[in-house]
Amino acid sequence: MVLTLPVSTPIATQTGELVRHYDRVRADSEFLCEPLEVEDFLIQPMDDASPTKWHLAHTTWFFETFLLERYAPDFRPFHPRFKYLFNSYYNSVGEMHKRPLRGLLSRPTVAEVMAYRHHVDDAMRRLLRSGDEVDGEMAELITTGLHHEKQHQELILTDIKSVFGANPLRPAYRTDLAERPQRYVEEMRWIGHSGGLVNLGRDRDPDTFAFDNETPRHRVHLEPFEMSHRLVTCGEFIQFIEDGGYDKATLWLSDGWSARNNHGWTAPLYWEQNDGEWHHLTLGGLERVRPEEPVCHVSFYEADAFARWAGARLPLESEWEVMATALTESPKSADKEIRFAANLRDRDRLHPSMPEDLEAHVQQLFGDVWEWTSSPYTPYPGYRPLEGPLGEYNGKFMCNQMILRGGSCVTPRDHLRVTYRNFWSPETRFQFSGFRLARHTESRKDG
Amino acid sequence: MVLTLPVSTPIATQTGELVRHYDRVRADSEFLCEPLEVEDFLIQPMDDASPTKWHLAHTTWFFETFLLERYAPDFRPFHPRFKYLFNSYYNSVGEMHKRPLRGLLSRPTVAEVMAYRHHVDDAMRRLLRSGDEVDGEMAELITTGLHHEKQHQELILTDIKSVFGANPLRPAYRTDLAERPQRYVEEMRWIGHSGGLVNLGRDRDPDTFAFDNETPRHRVHLEPFEMSHRLVTCGEFIQFIEDGGYDKATLWLSDGWSARNNHGWTAPLYWEQNDGEWHHLTLGGLERVRPEEPVCHVSFYEADAFARWAGARLPLESEWEVMATALTESPKSADKEIRFAANLRDRDRLHPSMPEDLEAHVQQLFGDVWEWTSSPYTPYPGYRPLEGPLGEYNGKFMCNQMILRGGSCVTPRDHLRVTYRNFWSPETRFQFSGFRLARHTESRKDG
Amino acid sequence: MVLTLPVSTPIATQTGELVRHYDRVRADSEFLCEPLEVEDFLIQPMDDASPTKWHLAHTTWFFETFLLERYAPDFRPFHPRFKYLFNSYYNSVGEMHKRPLRGLLSRPTVAEVMAYRHHVDDAMRRLLRSGDEVDGEMAELITTGLHHEKQHQELILTDIKSVFGANPLRPAYRTDLAERPQRYVEEMRWIGHSGGLVNLGRDRDPDTFAFDNETPRHRVHLEPFEMSHRLVTCGEFIQFIEDGGYDKATLWLSDGWSARNNHGWTAPLYWEQNDGEWHHLTLGGLERVRPEEPVCHVSFYEADAFARWAGARLPLESEWEVMATALTESPKSADKEIRFAANLRDRDRLHPSMPEDLEAHVQQLFGDVWEWTSSPYTPYPGYRPLEGPLGEYNGKFMCNQMILRGGSCVTPRDHLRVTYRNFWSPETRFQFSGFRLARHTESRKDG
Amino acid sequence: MVLTLPVSTPIATQTGELVRHYDRVRADSEFLCEPLEVEDFLIQPMDDASPTKWHLAHTTWFFETFLLERYAPDFRPFHPRFKYLFNSYYNSVGEMHKRPLRGLLSRPTVAEVMAYRHHVDDAMRRLLRSGDEVDGEMAELITTGLHHEKQHQELILTDIKSVFGANPLRPAYRTDLAERPQRYVEEMRWIGHSGGLVNLGRDRDPDTFAFDNETPRHRVHLEPFEMSHRLVTCGEFIQFIEDGGYDKATLWLSDGWSARNNHGWTAPLYWEQNDGEWHHLTLGGLERVRPEEPVCHVSFYEADAFARWAGARLPLESEWEVMATALTESPKSADKEIRFAANLRDRDRLHPSMPEDLEAHVQQLFGDVWEWTSSPYTPYPGYRPLEGPLGEYNGKFMCNQMILRGGSCVTPRDHLRVTYRNFWSPETRFQFSGFRLARHTESRKDG
């Protein structure tokens, strides 16, 4: 199966196309919830994770607040308090329910949240269908709202996994997931790059969608480096564990060592040892760990400690992007789309798996796991947040977070781009986060 | 309407009677849940409150663990992990799920918990019907399990109130509650007692049920005292608020003042001021506070501060019991049952109301609100906890708790007795807790 | 050596006597500090313990605030901010420095605090010497201030022990303490009492000093009981440890078990095992534990768990007082003073030791260790706190604390009385706290 | 007065020179303590600050552990437990006393710590004087130890300020500090830079000292930018306060807004409003804020919020370094030293002051305040930490910290270099931290 990844995401202004996109994304969110019991929609096992019900309502709030309130003058809000309950972090929009309290709300019920969704969907469709084309700003806002919802689709999956992970009964989200391939995995190889001045990021463009934090396009100077040809596997990570990696302070960043001590980490999240064998909870239930598959659910600190143990380091986000760009510009991608066998959500495995893009120079750059980089999340030179409330979307988080690249097995295919910057606090483990290695090429010549 | 309160609670050994009792109590728990949405069963808004689902399962676990495991040799547990999930605090029975995590379990679902109940109910009925009569020890255990469940029925109501209280939408549990009377309430009067040696508590008796902490019967010497003829009202409590009672450190116990500061208390729990009027959340929804009704949802500290402000104190539990015993031994109660118009759960108001036992010397001793006393929860002289795991039921909590007496508007009528000792930490506000006043009679002569 | 304990503490009104008392107590506080380095005066190893410097200043603040401000109209405070810095918990006197911050003050220096003491001492002496006699109220206030300072002398010793206990260097307070006797200690015997109505506490009396919480005298009915003839020893406590007492949840009160888990208790405070032998820090330095000496530095919870393990319970404070009163009224005490060999501070051992009052029926009632009772700290019937700010001295702590009786090896002899009620939170271990056992006499006949 | 700043710091290997350097630095530390009372040496007002006594001992421990233990085979440690007590964070050296407990140690006394210093000093001098020259590795270790001590000299001053800041008596460290100039301060001007490829950092060099985190020299591509010609002043910061800057969430990073809320920040640290006038605590005591002086004791978050409010941003560390390098390479600095009037510790003001380097293009780059940059603390490309335990010196902190540049009024002049990278968590306020502004030059042309 060969699939494609968009190099850029067009912003449709044709009503028909927009409505189709809207309907598809909104339906996808509800489709993801089909395997759930009503009870599963409510749980917030930790401050970082939100209940499914909240995700469904918050993504709806987004359209209500940023589209309907602005463009649909006769729009009546579904409930006066939802503005407060389902605002996430937009201070410029008003007061909000405190994040750690999201799991304490039995009402609105799931059915009421669904009614809320459909109320807003009806109003959105009416708004869109009022002409053949919508203006560019509105089209961009809608497209933003849809990509916002795709992000929350990923979170629905990561968060429901944390719900099941907190449950001693170890429930499965689905028992009919697609099989994951099993085959021999090659030894790790190093792929070199000569460094030099490279172009990264992209400029704002009214015709294609990207988040503000991917802009503007700019130049970066790289020293020569090498990157591992594939992701680090569970088997390699078990070697780190068995070599006492979790007990050697000198392998860890200072904050990482504190986190390991505070949380008592001895293995990746969701791992447990039963009868001497490593198992882990997947969205398909409890499984034995397969050594050939990429390690997942590790924090930046664990990835960084592993890299130090292995005599390497994590790649910079610029190193990752330059490698990924090269891939997309290879002859095989000449038609402006990247064809490859990435394990994204549409493969319906919902778990990282072995490389399938075997002809690629550097494999598994897309899909499987979000790859921790060694780059803190900072603005690109000349970065400007969006005007208005959406300026709070990305910019205000540019501190104390690390960049992750490449998408994961729960990322929607049409949500990802080469320039996409994901970011999480270095302690985070509940995302599908793994890593590959990089290292400095010693033979470099300074200019 | 004249109702009665049992002076003692017989332990039936006849199969038929036991099964009827069992069926009635078990059905009552489920009946209380009828107004709830599935979502309402899951929420744990604070460590002290448990989800409805947990109450339904834990009371079932009680019969499984203490009856079926012991007496039904072919009994198969419904699920191997429920022993762990639904143990509350019985260390002698094994490990248990941590209390603050009770609200993080989406599974078992409500339907599965109901199936668990019915599985155990079937087994219990089979066990009971194996003969015409059961032996005394088993009858006592079953009766204990049923009273245990009646306690949890009260908790289902107090805890669901805290679920709705934590929700900015202010949902109502029911909108069809019985009307509460409205009439003139008399000024507070002082009812005197000459003190002296009095008998309190009761001895263990194989034929009637009581908790171990009510035993043994023993003598206490009381100084002469007076007690207010009714409960303190909301109107009186508003005077305390308006006089700055919450801001005068010298009215408060030291720990009370800390609690007030830590929690920012400025009024009873569930009270809010809207447009200059005090409102509070009831199980029937948000209402204006009625000044003639007993104040409720105050901590021991607030009750104690009010009493000091009023130049009085809270009664001792012995003072309360001697007054209540006198009431039950008055001619009107000659037939060994106490007839009175107490506002208990069966009145279906589920909120404290004005006195109706107007012919009583001391009014509102039973029902409406649990009355904070000034007595710490300590063992009676010669107290012995039950043998075996049920020894953990009451005895181990005899520290840092205060005694409350008299039952409340959410207490089942056949659960209460004159000697009944309820106990909560002095900071507790989510129970239906109020108070009356007492004071020392100055003219006493020492012996 | 036979010493005496005052049955009551006279309030002198003669100037000369008052000044002598004043000078002696004030000098004693400074004498206790002689072995200290300047650095030792500052440390606050936990919120409950205060720096020595603070004790020296706070006791001085007491005279400044309650005597000089009221009676010496031309008195000038030593420093305007000391009123704020050295107020402990008297809300009615004004704002105060927060308790946990007492150890963060390098200034005033120790020398400045000493100058503050002498400034106030001079003013106090001038005030006292203005006539031959002072009026009764002032005499009572001064006497209260001196007993207040005696309490803080005890705290200086318990708190400096906690300073040294927090230091890995294990410093000694003094190396020249009096030898403690070593001899055979008898097996524990049970001493019975027939119970009945007894008189406890004392009435207010303008001529003798007592704290308000010891009043008024009142009657209590006791069931027959027995009490161990001596304190529980370290050797007996080691048996409890070796029998797994710290690991058996069913021996512990629920709050006690939480405390044990939160703090990781496995032995009394200051105990450590070196080379398989129990050692503990004393004010004389690190020592091997002597099995014959009373166990000390245990919380109420540990004492209670030991008692349950031993098939007994802790005595009520009324049981303790009735036994102690009997001792003081025995022929040997006919001259209105109690002669006995109690190990109080004046014995200069500063550590509990074996019984020396061997002719006493019940031994070690006074001195060695404060004895935990099973009585929560509550007001006696008819209790009234003092008028004015000193009303905050005792009354506001009457919640969540347990009574201890009998004084310890660091209590000044002229500070103790039979009716003296000490009180601490049940978790407290840094005081010189131990215990004896009691039990219910089974053969009692109810009335 | 014209002073100089070394472009590089030579590593002496000649015994005489090394001993002079050693003696001078060690004496400086003790000289800084002369104004202190014994009591001032002990206080730890927050986890981040250490007692002066600890700094004196820890810098001594450094020489004991890394020099004497390795090179002086007959060296006897002063006290066996000091290895444990005075290790800061070197896991590879062994266990250590927990950081938050540093303020709970009365012993060793200040005198004993001084004796410890002199014991080690004697041994160090013996070690150094055993020949005319020492080998390069040892010379580098000693030089590292001396720069380590210079860092702690700065901390002695920042930490003692926090001790006095925590004291309601507002003590002064010294009352004889040098006068700070007062004159007209120019309006802020923007100084441009055309960007492009620049060289930053430095390579390791056996003859000159630098920390490992300044290496290796590498190239960075910069976009064109502008930088403010001087630091932001108190007067400008007061405008931000008066414009509600502390209350506008949209000006703040998300973590910054949380920090502001958690700590209740409304002004820089040490600021207080008395009678409507801003005052702040300086090392010379409480003063009125002078609007012309640089604002100080602000966190990265406050600096960042101010910059956003002003329509600008904070500079990158690369932008700062390229400007500073240009300054040092200007004709005036031709003799390889930078001559300028920087307000460093040797000016004896110990407080930031108005610019004096008025002929400089960009003023106040050195001294006054450490300047927050927008650069997270990350390794330079090809960075390698030192081998052995000193590898823990810098590298393990490269996460969740921001870079500060330029030294402050409490930095020793011979400790600073153009390439020097200081780093602190973005919440930090107790350092002498201020900032200047930068902005993107819009007219840039992309390549």
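In order of appearance the chains are A, B, C and D, and numbering begins at 1 in each one.
Just so it is clear, a residue touches a chain if its C-beta (ideal position, glycine included) is under 8 Å from a C-beta of that chain, and two chains touch if they have at least 3 such contacts.
Just so we're clear, the structure is a prediction, and the values are computed from it rather than from any experiment.
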Contact-graph distance - origin chain B, target chain D: 2
Furthest chain, CA centroid comparison against chain B: D
Chain B and chain C, separation of their C-alpha mean positions in angstrom: 38
Rounded Å distance between chain A and chain C, as computed from the means of their C-alpha atoms: 61
For chain C paired with chain D, centre-to-centre distance based on mean C-alpha positions, whole Å: 49
Per-residue multi-chain contacts in chain B, two or more chains: none
Overall pattern in which the protein chains touch one another (line/ring/star/complete/other): ring
Touching pairs - complete list by chain label: A-B, A-D, B-C, C-D
Chain B partner contacts - residues on chain C that touch it in the complex: 89, 91-92, 197, 199, 216-223, 225, 249-250, 252-257, 300-301, 304, 313, 374-376, 378-379, 381-382, 391-392, 396-400, 426, 440, 444, 446-447
Footprint of chain C on chain D - complex, ascending: 37-45, 79, 81, 84-85, 97, 101, 103-110, 163, 166-169, 171
